[in-house]
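In the two complexes below, chain A is the common chain; its partner is chain B in one and chain C in the other.
So, the complex of A and B:
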């Protein structure tokens, strides 16, 4: 819709992947003087896919998104949208629609004018513009607010209008920058579900930035975990959670415990502090990833394999209690529902079993900082 | 209890100080306006009787009326030109880093530091050398030098507070940089533009110190004309002329507000 004939001439650069790849980043880096914000990031998003960039603040995920939108120019690498090289095109020539963290609705325009803004710039005829605005308002179920100004809307409403404004232009890619960070906890979950439904409904390719692992796990088709400017792992939510590629990914997704240690010749893992886990892992130094749900209270029949644990911290979450345990000098986190009035407290002794079948040991890689 | 007393004492003295400051700012103007309605032959407060004879005299006075016209159109031109150049300057300082930026920034503020008399003499020599003394340009350019710093400062403050993410959003919505300025930046910093325009107008309209060096026979501004008149006589005519000047200032401020304000709706 957007590309001029001149831009089509650049197609040969990325010709190997015509078709389903809507967004493609190839070895994209961004330096600010000495600082490297994004280092050699390659990723792609297929048509209709919802890809999430997940990582702690300062990991380069927002810079990556802004490079796709065109607000930040890469120091090296190429960015293609619909197989057209967009690396050096200004934001207004890129077929993207962005929802900003602060929503960035124009305060001097009504809701309807906000949604129509992009369509006016695309020179849509008036009648089509008006019907598209109506259609978008209906999509986000806010038709009754068309003539309000943004300051009269709640945070959730503003977010939906920002989404409607971005989607009105039928962009090739929808870009979401921490879209839920300004909403309170309950609204956040509701908006998350709503947003996912709307995105599924219009089937738009989406790049989504968040630092919230729960958001990433529930919303994405694929997650790109980033850390200090680099991609740690790319995978489906299941792969990221069940088979983390690096200790960082394991630590960032879920509340797991990481134990440094070595796997001996018999396949048994021994942590530095002395906790031993029987199993069939490959020999060598590594990090054991133990998820809270892999630790259970020992039942009477399993007395032989049970371990003794002392409660160090106890956090009550309502549906479950999260315990930090001291087991043979290692700290392990477990999650369990206890009967009312029977919550363990600091210093209590528990008997636990660890389901070693599901535990992964990540082999130590030589010096990856 | 004690702090309650201190609080109310502070509040009362605060209100008193505020009231005195406003009074001192407004009193001269009120004094002049009131005494302009006198029916007597000398400027006195309180005035003797009531009449509009001095207004009639003022309107009939060719010198004062042509000076009022000169002042008004110079001030309007200055406001327009200063607004355009000042916006461009402020935008460049706010958005771009370029070699000599600090110098440009300092240059834009320097007329606030140089004494007006010094500026006047300097400009007079410059324009004499350029052979422009018998035209309107010295007045216009001199006033621009005075007005632009205020305009740059005011607009720069607005631009600094302006949320740039809105411009990014507009660009993401396919607006070209020019469209972004026209439809997002300018409407949103409108209050700043408004006060900048008023600053520029008032600076030019009320200036005497610099103008006195830059006027020539046919182009005397009203403040300069008032000074010249007061030199020789002290009748209520000046009071009437000054009152007219105050009214013109208020009308123009109101008009600028309406003009720029109206564009916002469109």
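So, the complex of A and C:
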């Protein structure tokens, strides 16, 4: 059932087949007593695709990943890997390679022994095992650490070894559980780029879990946004950011201001507090999603469309300043670079324009009961 | 003194030394009660016992002089050597049985949530709170000729007539296992709680079934606890005297009960003391050798890279 090295090469040859589903979850649910951790989740990953499960903590994304790995059994639904039903198979019969949040390297084994562990259990011959370990160490550029033990490695090195260990077995699917959460901010960005490069290089189907929207946007082919155990939206990073399906998705991906209001017969949106945005939206109640980059400081020529805004909060980020503005009683967030020494502070009055062409209004759905 | 010539440390001395002195005084004060207790009631009597083992006569009070006669007598009689060997073999058997029985128990306790673990741990410790004599008398009732076990076996027609259960070696071993099992369970439990369960998941993800995970991940990481438990049970077993005396009687000789006989019945303290020291030194030597062997065999990897 598990791919030997030869079979794996053949599988790679057919990797270009579109619609080749490696991982498939069909209406998978997991209940813990009365609590529903994962409710009716369906998702799939095609060969070579990098799919991200994104959501706040407690949204069920990690439980979903652990169900794919086999550590948690679904209450209902089916999980298939390479079109074989794996729902009730133990973890060690599943063709997955997992990188744990804490890396979970075996402390009593050397780096090389850690990487060889899966290959031994797959009964690879010694010579193939050794060359594979060398190959993996080269892939993560840590060949010089082969004889160290995990406690002698830095966090970033441990993570790369955990990745090498998971990939050594040539799993059908690579699973990453919050792989960057234990690294400091700078290392995180670097490891993110490295990891993506490695994954692209070996072209392995990957499911990864994160609560960091930036990680999700930069790394994924497709993002599955989850909230309270349910899938809110599935789409490419562009679709998720530019065309959020629900206010939750809009709010969770990137900064944005959500305004409740109604679109009148003339296509103009009027918020509850009284902010009016001219446009051609469909009539009815809805929520306007305004991204910071859609708000600009008014230039002298655009006096007619400009709005008056009072600064409520000002956060300096170096490359830009993020302002929370009070515009006609609504709170809007904008981001702008101001010349040195001219940062607006609390109470300042600014003149702004809003690019209404790019603003989406999400029609209100009837409240769920 | 040397620091006088090192300019960089002059300033440090004023900062560090009062603190250091304070720390040493505090440590000494904290250690004093236990050290006094041990010296007064253990080190001194043991040294006195050591002295008496070199007395030529069989009497303690009027004994004078210095002689190796007690030791010569012990080693020249093959009976004593065979009892010593027997005692060690029994100790090993008891430790091994305790390990086999105690590992699953200690492991499963360690993997329980803390609240569920607490009650079960209390149940494990409970037998230790009972007096050993009470426990042994309990076993006498169970194992006696007309005891519980024999009457159950005869009433079920498994045996036709009551069997001799008491005063046999297996009976002694069973009772010793029952007494010392908690030490093994607690040692294993405490080391397994230190093993992150995520390592077992990692092993499962790396295609290791439960048996391989146990052999390649759990056992190597549990070695320190296994050694502690094994040593505890072994030392307690070879030095036991109440159990072999009451359950084994005169037919099962273990060195502990022999020493007791010699000192309490025959009042031959010098001879008993010599036997006690033979047991003490050989037991110490055996456990040290065993640990060295286990360490070189089992934790080579950890040692090799410990630097």
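Descriptive notes on the structure:
The definition used in the following text is that the second predicted complex is superposed on the first by the 349 of 369 C-alpha atoms of A that agree within 3 Å, B and C clash if a C-alpha of one lies under 4 Å from a C-alpha of the other, contacts with A are read in each partner's own complex, and residues count from 1 in each chain.
By our rule, contacts are C-beta pairs under 8 Å (C-beta built on N, C-alpha and C of every residue); 3 or more make two chains touch, one makes a residue touch a chain.
Treat the numbers as computed from the prediction; the structure is a model and nothing was measured.
After superposition onto chain A, the partners chain B and chain C occupy overlapping space and clash. The larger set of touched chain A residues comes from C, when the choice is between chain B and chain C.
After overlaying the two complexes on the shared chain, residue contacts for A:344 are found with neither chain B nor chain C.
In the superposed pair of complexes, A:179 makes contact with neither chain B nor chain C. In the superposition on chain A, contact of A:152 is made with chain C only, not with chain B.
In the superposition on chain A, the residues of chain A contacting both chain B and chain C are 2, 69-71, 90-92, 96-98, 100, 102, 104-108, 117-118, 121-122, 165-166, 169. On the side of chain A, the complex with chain B involves touching residues 2, 69-71, 90-92, 96-98, 100, 102, 104-108, 117-118, 121-122, 165-166, 169. Interface of chain A with chain C (complex): residues 2, 69-71, 90-92, 96-98, 100, 102, 104-110, 113, 117-118, 121-122, 147-149, 152, 165-166, 169.
On chain C, the positions that touch chain A within their shared complex are 196, 198-199, 201-209, 212, 216-217, 220-221, 299, 301-302, 305.
Touching chain A in their complex are the following residues of chain B: 163, 165-166, 168-176, 179, 183-184, 187-188, 264.
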